[in-house]
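A, B, C, D, E, F, G, H, I, J, K and L are the chain letters, set down in written order, and residue numbers restart from 1 in every chain.
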């Protein structure tokens, strides 16, 4: 089973900023742990701050992997183009968020791309990614 | 570890209505399976169609259990009173939905109680409940 | 033919309050008249002020009766949960209102449950119920 | 007793378009049936696609008939001028719709002229007209 | 000096309906009085309930008269097409209303055609028309 | 003089939750104090988390008491049905809130039932109830 | 007959600013002309930039004059307090504007005080005041 | 191939008004040119200022022609009834506008009838009509 | 204990206008009564129609008195500047209204300054002021 | 004559996804056909998923080509920056869409960049591009 | 060069309230420093809590000074009348704010008078005034 | 002291487009002048049309420079992702705009990133940048 984790803008700062909130684990370290924990899975990780590069990567991976875990960061609330990309590909996508988007500012309550994903998990810190893997493994 | 699953209006019809969408597993059968799968957990299940009874149950269980999994059904989008109850109790609450609320009608995109929950999982069918249990077990 | 009339909050006050507007006929008296007028029909009447009890009753009667006449009173404009119940059952539902909801305050112009009903009759006083019975008898 | 049925834009296509939805009964045939079914009533039928002609007809018939059954079609949701005409005449008006307006697009949920009518019946196909006749006969 | 008075829907009922509010002077009588009072003016009066006929008349008179007094009735608040006609002609137009539109329902506070008129007079009963004539005579 | 205090959802938790904000006086203790302080008054206290039970109690007490003090909690902002009940009864109702609703979230600034109450007192902690009693005693 | 003209903020600049639009006639000169033209009338003129002083003047003149012509300038669109003052006095008030408020920015289309005036005249330059005098003289 | 061009309100003024913007070609002249340019096509032209007459014409031509080119002018933004007519007929309709509706006032950005047309062309002056003909000829 | 009552626009008309609603007690007479009733209190009364003078008075009294009772009249719903003044001073402020603001027009339901006051009392006529004094005396 | 076609996000998937809707012609093949069909034209094609790269390309080509055909895909509805680029360049731009944007979701009805284009063509499949070429060739 | 600083409501409290946020420098002291720092400039300072007095001062200084620095405080967000005054005068006006208005409550994000100023500076504490002086000195 | 100037989309066209508005100074020339004028400062300049590259640059420079001057161009009004980047870095950011954003279209009045900046300067042409440098030098 081949899964991809695609991270959007500012998620490259994980473990480097606001450590009191997010902990001091970088995503690189976290993904290494994930791969160790789920040895039977092939897990591809990608991050970009550029909206269009996220689209390109979704297109690249969206016909050949078994599942994509997408944290589009700030683009979640504004990007019709990423939502269109999610709709265009055949791989199922799960939307994840580290923090609970309903507990933040009003403009973060709306997910433009949510309607094209199969499900959504938010609020569990880095565990949100792990729960998404569990979801794919249960063959949702 | 002691967890409660609280289900709101119309969820008692699971397995009886719209079987082509939701499958023919009733929540009673599903919860029996859950208990078997997680023998180390004490799992309490409760369902009511009455908004105020859900509040009363949240108050009853909200100071003594380790986690509450709440699917408030149609009250998710309208009930300030349930949101207040979630805020008033000390047990952490995870909001779950069987279907992906962002893929349904506009008025279902807003969760009034989401801001008082620690996290939200939606779109994975009955697996949403199981992922919430996993989340509590990872000591979020 | 078996029909049910389900009345929501404050409709138990009919004939007791604001008699100059609504007349001094209670719903009990009116339903007795109805049964006399339509002897071939089995007519079940139910009233509750509790949103969740209305849902429970809709579920109870919604698979075995031939038609439900629903006056959800103030819940008409706020209850996603009752609307979900109407969608979940198989018996067709007609929405009725004693007064013309378009001639009252703005927030009463919107019916959340209307979209799941087969039709709507409002403004004819207690005759609204009788017209709904006529509608069911014509096998709409 | 003298009643008028006034039909607005596109209702002249009944029985000619979308027969799978509306049946293949034209309004001419239907009104002939109505007249046969209610021989004691004088029933006048009128149709126009022109908003102003509907107003003129309402004025013409609105002081001499006992009731008007108005299906203003698409003008229901936009015409202040027809609403003013309904308010200006002395004959009571019942608003009817063939389909359930609450089950269609959002902009059809609002009836500008509803507030000046005595009641509203929608969703019962051509039976909506017949129920309106019944309502007038019961001396609402 | 040649002026035109163009009246929209339902204004043909003046003096016939709601006499307690509007008096029992018909517009025909009123315009006869006007012509007597202003013998040096040529005054053309026109009324139609049909939006498009009002447009046609505005086009007809809008290049040859010295001023048009327009009471578009209920179309005031909804007609982009009449507003376009007012913009297209070269004769200046004054908008009049018998009642004070700001003292009525909210949807009457907005005049779509007001922005293309040179001025607006409302609330003075039939005197609104006379004040508009005064305004044209002062060569505004 | 006979007064009723009707408390809505979550107010049974007073003195048990968030003591730093609300103090550690339960409503039971507070009402005992009230009764001692105003020995000439008959004071009935009632609490329910269920919207419909609050309506039923308003109907029960709303024709025989001299005043009702209503803290509808979270239902204040959502319940058309309670507002209808307040309108239907003959006993005057004063709306009270422990905290100042204008100093909280936006959705708490609107009181749906306020328009049917004679007055409103908010922000004075449990003293809000006592001020409402004073208001009734002054024969507002 | 005793009339008052009350001018709000920035109207003291008439004839001094934007002369290409408003002409070079100051309000002082214009009011002198008015008095000469209508010798039988007692005309009082007042201007203030201060909202509260306009209210005080409305109160002072609002029980003893036969008519008030009010151009509240920028306060037209924002002042609930001036609207309340107009409602509180017994002298009838006509709202005037030099320019056509419907032809300016959107926020100028709304008149908060219009609903308490008997009529409104806008768009005729300084002639708007004169037309208002004519309106009062016709004993509207 | 048989095509119809249906023009709405004020389009009869083309070539007569605002020549600096629209040129001095009348629609009659333009349509003569069109017919010469496309000799193999049968082209029917119709114009009316009356909303209902446009509906009637759409119904007349909407079952027998191969394509309709509709410029509904000001009705584009307000007419549910024309939109319903477009939906009811079987001939495909292309919406055209002479000016670019997105470059004009906000209320012109919305096309109520657009959703029932197969396509939309705006901003190319009279060429918009010609491009629509091209579109039909390519057998869209 | 030193309290101030600050009244905004039009409240100087109390007892002079609309006596059937507000009674014929002027605020001067009422305040004399208040001072007699509460001899131990020092009560300062101030009224102005000028928004800025109310601000100046709030600043003057807002650091030396024990409580301010503020009825800002029409400025309640529009004045950010008064709200800022209430926030800037150290004396606690109670907002009062003679009528129930929730039972009046929609634009009166919003209090801009409410969020900076400790509490709000409305609907009890002149008793609203007396209840506010009671509130301060209970050392809210 | 030198024209550019600039395609935005996801348009590189044409002919590869949802072939039942869009056909199985890729944009590469289509542009080859276009070049063959219009041998006298120089046609440059560019696609990018990156918003900023589309801006850079518009700047590059926007001073030297004779026309730009822009399908900005999902950025159409969200990109102020692309709209600014269209406004900054001197080459005229025609907006095209493959599907009819008025027949899709509400958020697709608004084109942020439309106001800076000379015209708009939507709903004709790949023919939309060809019609835009025709429009440029007619020297709009 | 002659500059004026005009301060609106509550700015007279600077250095007296909330010193932890704004420092303990009063505006009098600050302006003395400014004059010392810019000896070549004539700097006039004015403060009023009264909206209309600010307008009067803008009119007084708005034709004879070289620049006005305006901090309208709470009136920034509500005053059409001050905005009109800024538009009417010939001296250029720079809008300043001590705090960053975009980082405060939503209703402070809108500046009604901003559109009539040449520029805006906010968020730099009392330095905002100094930067505005710099801007005028650079002959913006 | 080390400062960075980050320019967003279309700002590379400065001095090349609309020279009558913006002058013919390119940003390269302007920054050269700046460096000469402030020899003690280290000034880094960066421009990109790509939203994500601006984020990457903010992250790169946002922990090591003493101040960032950000003109995000059209992304100012739409980019949650840039706002998040500004919040994540530790260097203080000043938002600048060449034109006065309050004097342009409505959608430009809102700055999504403003709330995370320390201050905002707009409307002073290229001097806006210089004023921002002054602000940083005064150690705001």
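Criterion: a contact is a pair of C-beta atoms (placed from the backbone, for glycine too) under 8 Å apart; a residue touches a chain by one contact, two chains touch by 3 or more.
If you're wondering where the values come from, they're calculated on a predicted model, not measured in any experiment.
Undergrad: Over half shared or under half: which fits the residue numbers at the contact of copies subunit B and subunit F, same or different?
TA: different
Undergrad: Taking the mean of the C-alpha atoms as each chain's centre, how many Å separate subunit E from subunit H?
TA: 31
Undergrad: Centre to centre, by mean C-alpha position, how many angstrom separate subunit C and subunit D?
TA: The mean C-alpha positions of subunit C and subunit D differ by 24 Å.
Undergrad: Averaging over Cα atoms per chain, report the distance between subunit B and subunit I in Å.
TA: Centres of subunit B and subunit I (C-alpha means) sit 47 Å apart.
Undergrad: Multi-chain contacts only, two chains or more: what residues does subunit L have there?
TA: Answer for subunit L, listing residues that touch two or more other chains: 50-53, 78.
Undergrad: What are all the touching pairs of chains?
TA: Applying the touch criterion to every chain pair yields A-B, A-J, A-L, B-C, B-F, C-D, C-F, D-E, D-H, E-G, E-H, F-I, G-I, G-K, H-J, I-K, J-L, K-L.
Undergrad: For a test of understanding, state which residues of subunit K touch subunit G in their complex under the given definition.
TA: 50-53, 55-56, 59, 78-85, 88-89
Undergrad: Name, in rising order, each residue of subunit I that touches subunit F in their complex.
TA: For this pair, the touching residues of subunit I are 94, 100-103, 109-111, 114-125, 127-128, 130-131, 134-135, 138, 140.
Undergrad: Which residues of subunit E touch subunit D once you look at their complex with the stated criterion?
TA: Subunit E residues touching subunit D: 8-10, 12-13, 17-18, 48-53, 73-78, 107-108.
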